[in-house]
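Here it is, the structure, as structure tokens.
Chain lettering (A, B, C and D) follows the sequence in which the chains are written, and residue indices restart at 1 in each chain.
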Amino acid sequence: MLSLSRSETSYNKPESCRVTIKQIVAPNYCRLTFKSPVVAGAAYPGQFVMVYMPREHKYLLPRPFSIFRLNRVREEVSILFEVKGKGTELLAHTKRGSQLRIMGPLGTGFPALPEGSLLVAGGIGIAPLVFLAAAEGKPCTLIYGARTASQLICPPDDLTLPNLTILEVTEDGSKGAKGSVSDLLPGLVSGAPALFACGPRQMLRAVKALCGHSGPPAWFSMEERMACGIGACLGCAVQTKTGYRRVCRDGPVFSAGEVFFDD
Amino acid sequence: MIKPDLTVNLGGIELASPVLAASGPFGYGYEYLKRIDCSALGAIIVKGVSARPWAGNPPPRLAETASGLLNSIGLQNPGLEQFEKEVMPRLKGMAPRLIVNIVGCDIGEYAEVAGRLDGMEGIDGLEVNISCPNLRAGGIAFGTDPAETFNVVSAVRRQTSLPLLVKLSPNVSDITVIARAAEEAGADGLSLINTLSGMLIDIETKKPLLGNTFGGLSGPALLPVALKMVWQTAEAVNIPLLGMGGITSAEDAIQFMMAGARAVALGTAFFYEPEVAEQVAEGLRGYLEKHEIDAIGKLEGIARKGGPADAR
Amino acid sequence: MIKPDLTVNLGGIELASPVLAASGPFGYGYEYLKRIDCSALGAIIVKGVSARPWAGNPPPRLAETASGLLNSIGLQNPGLEQFEKEVMPRLKGMAPRLIVNIVGCDIGEYAEVAGRLDGMEGIDGLEVNISCPNLRAGGIAFGTDPAETFNVVSAVRRQTSLPLLVKLSPNVSDITVIARAAEEAGADGLSLINTLSGMLIDIETKKPLLGNTFGGLSGPALLPVALKMVWQTAEAVNIPLLGMGGITSAEDAIQFMMAGARAVALGTAFFYEPEVAEQVAEGLRGYLEKHEIDAIGKLEGIARKGGPADAR
Amino acid sequence: MLSLSRSETSYNKPESCRVTIKQIVAPNYCRLTFKSPVVAGAAYPGQFVMVYMPREHKYLLPRPFSIFRLNRVREEVSILFEVKGKGTELLAHTKRGSQLRIMGPLGTGFPALPEGSLLVAGGIGIAPLVFLAAAEGKPCTLIYGARTASQLICPPDDLTLPNLTILEVTEDGSKGAKGSVSDLLPGLVSGAPALFACGPRQMLRAVKALCGHSGPPAWFSMEERMACGIGACLGCAVQTKTGYRRVCRDGPVFSAGEVFFDD
């Protein structure tokens, strides 16, 4: 179990890091591990890194990825991502041993996890929750859902944690229970002291509805398009009870009650 | 070897470096200034401030395009009062020079903001944003019409004795007409350019990608457009220019100076490289040394016919 | 699986494909048509033709910018007579449909060219270039002023019964005003956009990179600007639009159609990929099949409020 | 000696070719060899190829390079280039075995070379002249000039041709004779049946002046910025006696009397 220091914010710049492991974990899904004493030394669950594109490319913006695994001893940090567009496609072609610029750790992550918490992951939303479970080491239950089996791609080596009970669910029943995260939740939510979720907007919306007023405190890791990643440009706004807030600085983790999903 | 002089005077503001942070991308500065060494920056121009708080536009507010960025932040800002109470104290001692970008829904709001900032300690100049294409009811009207430009700049001018820059919009048929109107109304300098109006569509949802439909294009994509407008404006007015639009390197910055800019500002480049200001300043120094030019001011306008612009 | 219908009617010109070659980059077509299969192209729009030969601008005429190209060809062309004698015969049977882009120094020249082309065999339509930013004494004045636009288009309209497109300049404050002037003067459709005005400077020679100082920016850099102008113009007029500006893929083309373009033209993309038209047409077909849309026309304007534009 | 077919023009498209040899021949100079049956099968001296940039890059335009060597049997074509800007820098980082798109052969090259001709190369202008000498096989003399020794970078293996007499000249005298091409020319030009030159504008201007009216017919390979490379866009104009002509199609080789250098 790692000790976490959630109060500190580190003010790092992008640094060039060696890719020590590159793994295509499934078609369209890739895991990259970087050597980064800076990120590995300071990150806590729910935080993210910005990965920069090569200079000669026409893509200007760095891409945000949750920290998926962290190894303080080896000073390594891993991300797990889905190939969605041009940037992630390029990243999936990175070769082991090459150098990529990354900046981090960034953002305000998850609060401390009480024993017996419920983690809810939709598809690639698994990434920050694995870090959370691994770092805290307390017994907890993970609902890991997706549309179909080919989207439940988290490598077993990363997912097999002694403290983690895993319930898989797919909409087409191709793996685990058949149904959606919302089908499993009602039975589990009432006993949990806290809930931590990451996944598609519709899933988060459903989770929020199910938690309602009487449910446990819930924490969501949100996504929005980013430019600076450090809170300067106001590009990554999400609508909250208190107005627009920045995913990159005020989040990416917000309390469920705070964020709106009406769109 | 000579040690070139990088200082310039931008409409009354003495700058130790001709490299500035443009209004917006750099926010209010603290997030970046905690990470980078600000000694390369002559000044930072903070994000637009209005009299009352502005909420900004609905997300998504950003979209990436080829060598460019579309944004529709919508001039979100906490308003003058919070700016004075919360932002200014945090900036104390942090920024080299501070220029405040001001916005308004009408002439009254512009004037109100200018008047209140005039008395505030620690502000070295104002930049009037008459050009932001993001805000539906906002600046767009002023910056595309010479008479409106004259009116708003005059109103601001009456409220302040601070050095006054006016930031021009590129979404016009002839930027020199607007530039002259701003000069006549009492501007001490002109900033150009703001973003070009643009949009993208998500072909899967079949809807505009930005929550606000339209946004402003910044980044290297628009550099040649910005450079031409600086060139033309330099020929049309007698006040100094702050050039910007897609600058990411010293070579880019030098082009703007040779076209007629006294200083340059960096915006989108910070997203790719927080330390870009150091790199640009270092590159400027290197160019001057290599070419044995003793002061950055000597580059001003030298690419235009007639050589060195009238040095003021 | 449906076999989607790619045909469109662009202001009276029946096109087998909504993908066209824009005027200029494709020259008179033969160089490309010898290398590529032209069946993907609905029409080619040949380079601007004037009454008498135009020499064009001094070199260098090209400069590369981030995701863009600056050109200052200066509408070099052999004039109407040689066009008729030498170009037209070579194009016989080669091009799918032929649209001729016309230019002039004054209204008289435009009208003269239009009149002479009206009678020529093998021409399916005209495109009036009122917008080229390259030529010092040329089109620029017409395309930035609604009254001048109305005059030149009216003059051309009187000379020809061929389908008439008018090509708009983006270097204006409000493109819809110019668009409506062209529509009122009798245009059957509008092409937009032409290049954005820009420049680059060579910091070693300390001179503009282009022999003509200014040039026109094309390529992916300007796509978001073009797309927004198509969107706005589609809301302002009742004639079909030919969208262009930085298109290099089917995804790009679909964005233009969803914004309101009936067809699209490719320019700079040919430099990178001579077979780009095939790729775009193939991609359009794939998109329609995947989304089970039976005709390309159904995409027209669907991203705009109110859904499918009035189908004409 | 290869047989040349100068009358034909091939109408090729860009094709993806494997880089079979990559050689940094000197600091800032690179030699790349491509496997291309198409180009190798059709090219004659003075023609060029367009080399395309990777799609994700912000550089749109292909770069023109003279054909430097040709091996019909191995179906290989080589270019020799100087790193000048961003495109050539990228090309110099190409790895052996990677694929690059090239289009060619393009342009109108040199006419047939009479025995005893004079070849005049300034710096990297050597490239098309080596192909000319190697392809024709007839005895001829090459003046190979540059500012300084480090710019005389043509690999000896390529330059050592049985039919070629080489006179090197550098302005600073660091290699070969001290002086400029124009210093050597007067003594040689009168005896030569034809002259073929490629190099910087100032050099070509001087050569043209020295040949004058009484000199031998002279042929220059010209450079201009290009977009299409095939004669369509009119971007690569040079001023000639008969108005602007296209370097990519009407050239790159022009008769010296035809082109103007007054700028």
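Rule of thumb we're sticking to: a residue touches a chain if its C-beta (ideal position, glycine included) is under 8 Å from a C-beta of that chain, and two chains touch if they have at least 3 such contacts.
Quick caveat: nothing in here was measured; it's all calculated off a predicted structure.
Novice: With centres defined by CA atoms only, which chain is the most remote from subunit C?
Specialist: Farthest chain from subunit C, going by C-alpha centroids: A.
Novice: Express in whole angstrom the distance between the two chain centres, defined as the mean CA positions of subunit B and subunit C.
Specialist: That gives a centre separation of 34 Å.
Novice: Distance from the CA centroid of subunit B to that of subunit D, rounded to the nearest Å?
Specialist: Those two chain centres are 46 Å apart.
Novice: Quick check: how many Å separate the C-alpha centres of subunit A and subunit C?
Specialist: Their C-alpha centroids are separated by 46 Å.
Novice: Please report how many Å separate the Cα centroid of subunit A from that of subunit D, as a whole number.
Specialist: 55
Novice: Mind pulling the subunit A residues that touch 2 or more other chains?
Specialist: 58-59
Novice: Taking each residue of subunit B in turn, which ones touch at least two of the other chains?
Specialist: If we look for residues of subunit B contacting two or more partner chains, we find 63, 66-68, 219-220.
Novice: Quick check of your reading of the touch definition: is the inter-chain graph here a line, ring, star, complete or other?
Specialist: Topology of touching chains reads as complete, every chain touching all others.
Novice: Taking the touch rule as given, give the residues of subunit D at its contact with subunit B in the complex, in rising order.
Specialist: Those residues of subunit D that touch subunit B are 58.
Novice: Quick one: in the complex, what on subunit B touches subunit A?
Specialist: On the subunit B side, the touching residues are 24-29, 31-32, 34-36, 47, 55-56, 58-64, 66-69, 71, 73, 76, 219-220, 268, 270-275.
Novice: Okay, in this complex, where on subunit D does subunit A touch?
Specialist: By the definition above, subunit D touches subunit A via 56-59, 86, 90.
Novice: Which residues of subunit C touch subunit A in the complex?
Specialist: Subunit C residues touching subunit A: 66-67, 220.
Novice: Using the touch rule from the top, collect the residues of subunit A that touch subunit B in their complex.
Specialist: 11-14, 52, 55, 58-62, 103, 224-228, 230-239, 243-244, 249
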